[in-house]
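Next, two complexes with subunit A in common: one pairs it with subunit B, the other with subunit C.
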Partner chain A sequence: MTVLEFNDIRRAYRRGENVLDGVSFGVGAGEVVGLLGRNGAGKTTLIRIAMGMIEPQDGEVRVFGMDPARDPLEIKRRIGYVSEEQTLPGFMSIGDLIRLHRGLFPDWDDMMAEGLCDRYDLDWDKKVKTLSKGQARQVALLCAVSHKPELLILDEPAGGLDPAARRDFLETSIQLLNETGSTILFSSHHMSDVERMAGRVVMLHNGKVLLDDPLDELQENMAVAILPHAEGRAAELQGMPECLGVRDRIEGLHTVLRLDPARARTAVEDSLGVRDGRYDRLGLEEMFIEIAEGQS
Partner chain B sequence: MFIVLSPNSGVPVYRQLIEQIRLQVAGGRLAPGDEMPSTRNLSAQLGVNPMTVSKAYTQLEREGVLERRPGRPLVVRALPPDQARTRKLEQVRESLEGAVTTIRQLDVPTDEALRLLREMLERQSEET
Partner chain C sequence: MIRLLLRRDQGTDNLIIPVLISLVVGFLFRGVGVTESTGPLFDPGNNNSIWFAHVFSGWALLLAGMIGSHFWLRSPRLHMALPLSPRTLWLVRMGAICIGCGSMLFMLALINGVSFETGRGLHAIRSVWLGALRLGSMFLLMLMLLQLPDPRLRRLETTPWYIVYTAILWCFGALILLLGPRSPWLAAPVAVIALLVGLRIWRHLPRAFLLVGTEPEDVFTAPAAVPSTAAPAAEAATAADLPRRFPRSGASRKLLHGTLFRLMHNHWLGWLFITLLAIYGLVLTIHYDQGNDLVLSLVYFFVFAFGSHNQSIVRVHPVDAWPISRRLIFAHAFWPLVIPYALGAGCGVLIEQTKARPSTMVEFRKGQVATPYEFREIAPDGVPPTIGSPWGETHTPRGTPVLPWTDVVVYDPYEIGENSSRRFAALQVDRAVAAVHGDPAPDPSRYIEPAVGAAEEETVPGFDLEASRGRGSDLRAKTFALLVALFTLLEVPFLLLGTLSADRRALDWIRSRAVMTGVVAIFALVGLMLASSLVSGARIWAQAAWLMISLRRLAEALPLSVGQFWLVTGLAVAIGYLVLQERFTRLEASLFLVKKKQQDDY
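Moving on, here comes the complex of A and B:
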């Protein structure tokens, strides 16, 4: 079953400049999808469209088969959402906020909320405006997951958090996966979190989907080739069907290929006739940098 | 269970799990009959997606390293001694592969490389 579906989404903030330029992908029930891309790639805009906060100018978005602009309440009841820029009402205490959410969501789970309060060491009487950035985000997450949503949407949830708070965040999301089997879409710049959480990654670049693959397959079938500079070689590499990007560096041309290192060597040697290349696996972080920077 | 993940190694997390569990079985740290943590517990303990753990478990089951019996936790399977030996050697072969590549890339003659390996092994057994 498809929980979330984007179909040829287009959205511009100014005429002629599409932030999203025809984005299509779906997220199935129980899937955990990491949304990657550089700042400005369109991640937040896409997430806001899914949340019904803005509407696409073209294309269609469906959440649980419904249009978030038309059925916002029904959808919101089944979604949990945390974003980096979210602000909570400062005058309320943590307890007030929890009671408010408890009243809004029929499926609110007191045990889970209290468990998270203990884990995060949150004081119910404390006013939201006195909380640190990390604590405020923890409260936001607690409110987003304690009704055991079918779909959890996290927009750069760990942005600006210290590593310990980030890990708490990750563990809470995993707890939700384990207990509820929720579907998760999250954007993140922390590739080690993506590695731990995501079953699939979608990478946006200039408003388009550049990659959409199961993470394991991507890691197993991706290599970087470092080749000596030569006239016209970058273009030759870009012409290879498996090429995902070429980056001109001092030590040579970095090319990301959608092939494991051994196959990448054979493919480059066969099509370019270059023997003196180096071929390596890529960690997700390097993969991200090489691909994002290697776009012409 | 003691498992250390190396993020950003380029090796998928489920593969890292498989390799470390295999190693622990081959090395005797996990003995036949030992119960494995549930998918849920290991996922929570390591902070990884439960699907990843279950993918690793399924593959280890297929390889005959782990055994699932209805209604019981997954356990380490008992192996006949000759198979245990084969598996140990497989592990060694895997970890030597990187060294072999380096030896070839640096053009070190085979007998010199072998001498070095022997020396290293002897030094280790003296130390322990």
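Moving on, here comes the complex of A and C:
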């Protein structure tokens, strides 16, 4: 069953500058999808469209089979949302915030909220504005998950947190994932987080979906070929159907190919006749850098 | 560098906006007739009630300017990284606030301190400047006193106590201005005290400002939360603890309403709006001059409603992800503006009804009849008709041009000439009373024999205004209902324009240009009105009167009762509300605006 579906989504903030330019993909029940992309790639915009906070200018979005623009309340009741941009009302105490959420979400789990409060050692009487950034994010996560959402949307949830707080945040999310079986869509710039959590990766670039593959498949079938410079070679490489990007570096042309290293060597040698290349497997972080840089 | 900091300070950045606001307020005072009938703004020679109204307005404007320049910040956080001492940073901030607020006061005084008289040309009214000087020095003292708490902090903590302290200080300052001696020399000792207080603060400023733990910005410097090794969820919480922490759903509803209200209105500007709206509601119904402030009061209401409405678009962001109906949020943005206005108006009515001597709508003072604007008349050809009497006495009223380069004038059909007889004055007063209250025209025979022994100041032979004390006017009520409907019709598109400019979906160039055209057209209209009052004999009050007269004529022409008029107006307001609500439900809380606001909060 598809929980979240984007179909040819287009959205611009300025005339002629599409932030999202025909994005299509779906997220099935129980899936954990990592949304990757450079700053300005459209991740936050896509997530805000899914939340019904903004509307696409073209295309269709379905969350639990409903249109977020038409049924925002019903959808928001079934979603947990944490964002780096999100600001909780600073004047509220943690206790009031939790009581308020309890009233807003019919499926609120008091025991879970209490448990997370104790786990994070949160003082109910403390005002949100007096919390550290890490604590504020913990409160946001508590509010987002204690109603056992069917879909958890995390937009750069660990952005700006120190490594310890980030690790703790992720562990909580993973634990909840195991307990509730929620579907998770999350965006992050921390590739190690994506590798720990995601089962599938969607990469946005220039408003389009550049990659949409299971994580293990990506790690298996992605290689970088470092080839010597030659006139017109970059164009030839870009012409290969498996090529995802070419980067001109001092030591040679870095080419990302959607093939494992052995098959990448064969493909390059067959089509370009270049035999003195070097072929390596790519980690997610290197893959991200090579593709993002190679595309720009 | 100091000049650059001064220029980019919150107090001086976008200086044009507060200056324009004070310009408009100044012209409104002058143009709507307040200053013409009562004397110039801040003129210590005015009588007590006028001095009160003027000082109050100037003082409220300065308070708004001070809040707008974030007076509680001694230094922006970013400036603390510059190689400048806190003393320099603080002086820059205070300087910027003084420049900003001083410019507002200067503009107000300039508009009201320059007069034009036939034969003398343009000349300065010295007393206005002296009055403004008193206001300025008192403002400086208030600013310094507000800076007194804990000079070590880079930002004063705006606790409820500090807000109360500010309010008390501000009222105290107003009282001194109102009740103290009106000599301009009072400005000197007040300024000296302000400088001494400033010197004391300056001496106590630290080598480096402290950040306070309770301020929101501080979260970035606070230690990171240590991951807890506490027991798992199920073990830690006991069922017995839960009811204490989780109350009934009614309490959570109350919490929701409180949260939405605080989110939308619990900030300096919000409370300022609410307070001013309550005051303008009061001004609407309580006896004040000739009741000519209807337009002004409504203008203020809609200006503040516009400001607050646009604020609410930004403020909706923290709750945007929560399953809360936008209609509910809109109601929390809208009603807290209407309720204080309505309460103020209700208080005004109550005060009027419980007064020992209720007000009259028609007044006789300084040998002239005073009626609300809508009971004046328009002469399209610029020649007001001559007013006659049964005994042959006549008077031709003076006309005031409405628009430059046109002949249209507004005149008062109940005007009394300098050489008119007391009988004629009595006839004019009775005519005015009959027109305002819808009574039959006065019997001419009453004026043949003047009454004897008219000792009271307000009494002339043949009439007695005491009889009309506390009486209402159906025609006035109908006109006011139409005015509310008209303002609603104007305000709704204006508010929609505001939301459109904030909405990032408004990509279509035609719509974008429509927003710009609308905004430019409004400013151009206001500018044109102001310019016309300077370069020609046209007056803004005459334009307001022209509007009211047109509405009164429409009210006379429509065969509806007062209740039916208000029903129609209520319908127009309800439709306007629904249109705005529908727009609000689909509005995007732009991240751009949210980020901009966060930058402004620096």
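Heads up, the rule we're going with is that the second predicted complex is superposed on the first by the 295 of 296 C-alpha atoms of A that agree within 3 Å, B and C clash if a C-alpha of one lies under 4 Å from a C-alpha of the other, contacts with A are read in each partner's own complex, and residues count from 1 in each chain.
Everything below uses one rule, namely that a contact is a pair of C-beta atoms (placed from the backbone, for glycine too) under 8 Å apart; a residue touches a chain by one contact, two chains touch by 3 or more.
For clarity, every value in this text was computed on a predicted model and none was experimentally measured.
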Exercise. After the subunit A overlay, clash or fit between subunit B and subunit C?
Worked result: fit
For this session: Have a look at where A:E220 lands relative to subunit B and subunit C in the superposition and call it first, second, both or neither.
Result: first
For this session: Pick one for A:L46: touches subunit B only (first), subunit C only (second), both, or neither.
Result: neither
Exercise. What is the contact status of A:D118 with respect to subunit B (first) and subunit C (second): first, second, both, or neither?
Worked result: second
Exercise. So after the superposition, what angle do subunit B and subunit C open up at subunit A's Cα centre, nearest 10 degrees?
Worked result: 150
Exercise. Should A:R167 be classified as contacting the first partner (subunit B), the second (subunit C), both, or neither?
Worked result: both
Problem set entry | Partner chain(s) touched by A:E285 [first = subunit B, second = subunit C, both, neither] | first
Exercise. So which one touches more of the residues on subunit A, subunit B or subunit C?
Worked result: C
Exercise. What is the contact status of A:L154 with respect to subunit B (first) and subunit C (second): first, second, both, or neither?
Worked result: neither
For this session: Considering only the touch criterion stated at the top, classify A:L253 as touching first (subunit B), second (subunit C), both, or neither.
Result: neither
Problem set entry | Closest Cα approach, subunit C to subunit B, once both complexes are overlaid on chain A (Å) | 12
Exercise. So which positions on subunit A get touched by both subunit B and subunit C?
Worked result: 167
Problem set entry | Residues of subunit A that touch subunit B when the two form their complex | 30, 32, 167, 170-171, 174-175, 177-178, 191-192, 195-199, 215-216, 219-220, 280-286
Exercise. In their shared complex, at which residues does subunit B touch subunit A?
Worked result: 5, 7-15, 40, 43-44, 46-52, 55
Exercise. If you look only at subunit A, which of its residues touch subunit C in the complex?
Worked result: 12-15, 44, 48, 51, 53-55, 57, 69, 72-74, 76-77, 79, 81, 83, 85-92, 95-96, 98-105, 110-112, 114-116, 118-121, 124, 127, 129-136, 138, 161-162, 164-165, 167-168
Seminar exercise, completed: Contacts from subunit C onto subunit A in the complex sit at residues 213-216, 219-220, 222-228, 230-234, 236-237, 241-242, 245-247, 249, 251-253, 255-256, 259, 262-263, 266, 317-326, 504-505, 507-509, 586, 588-589, 591-592, 594
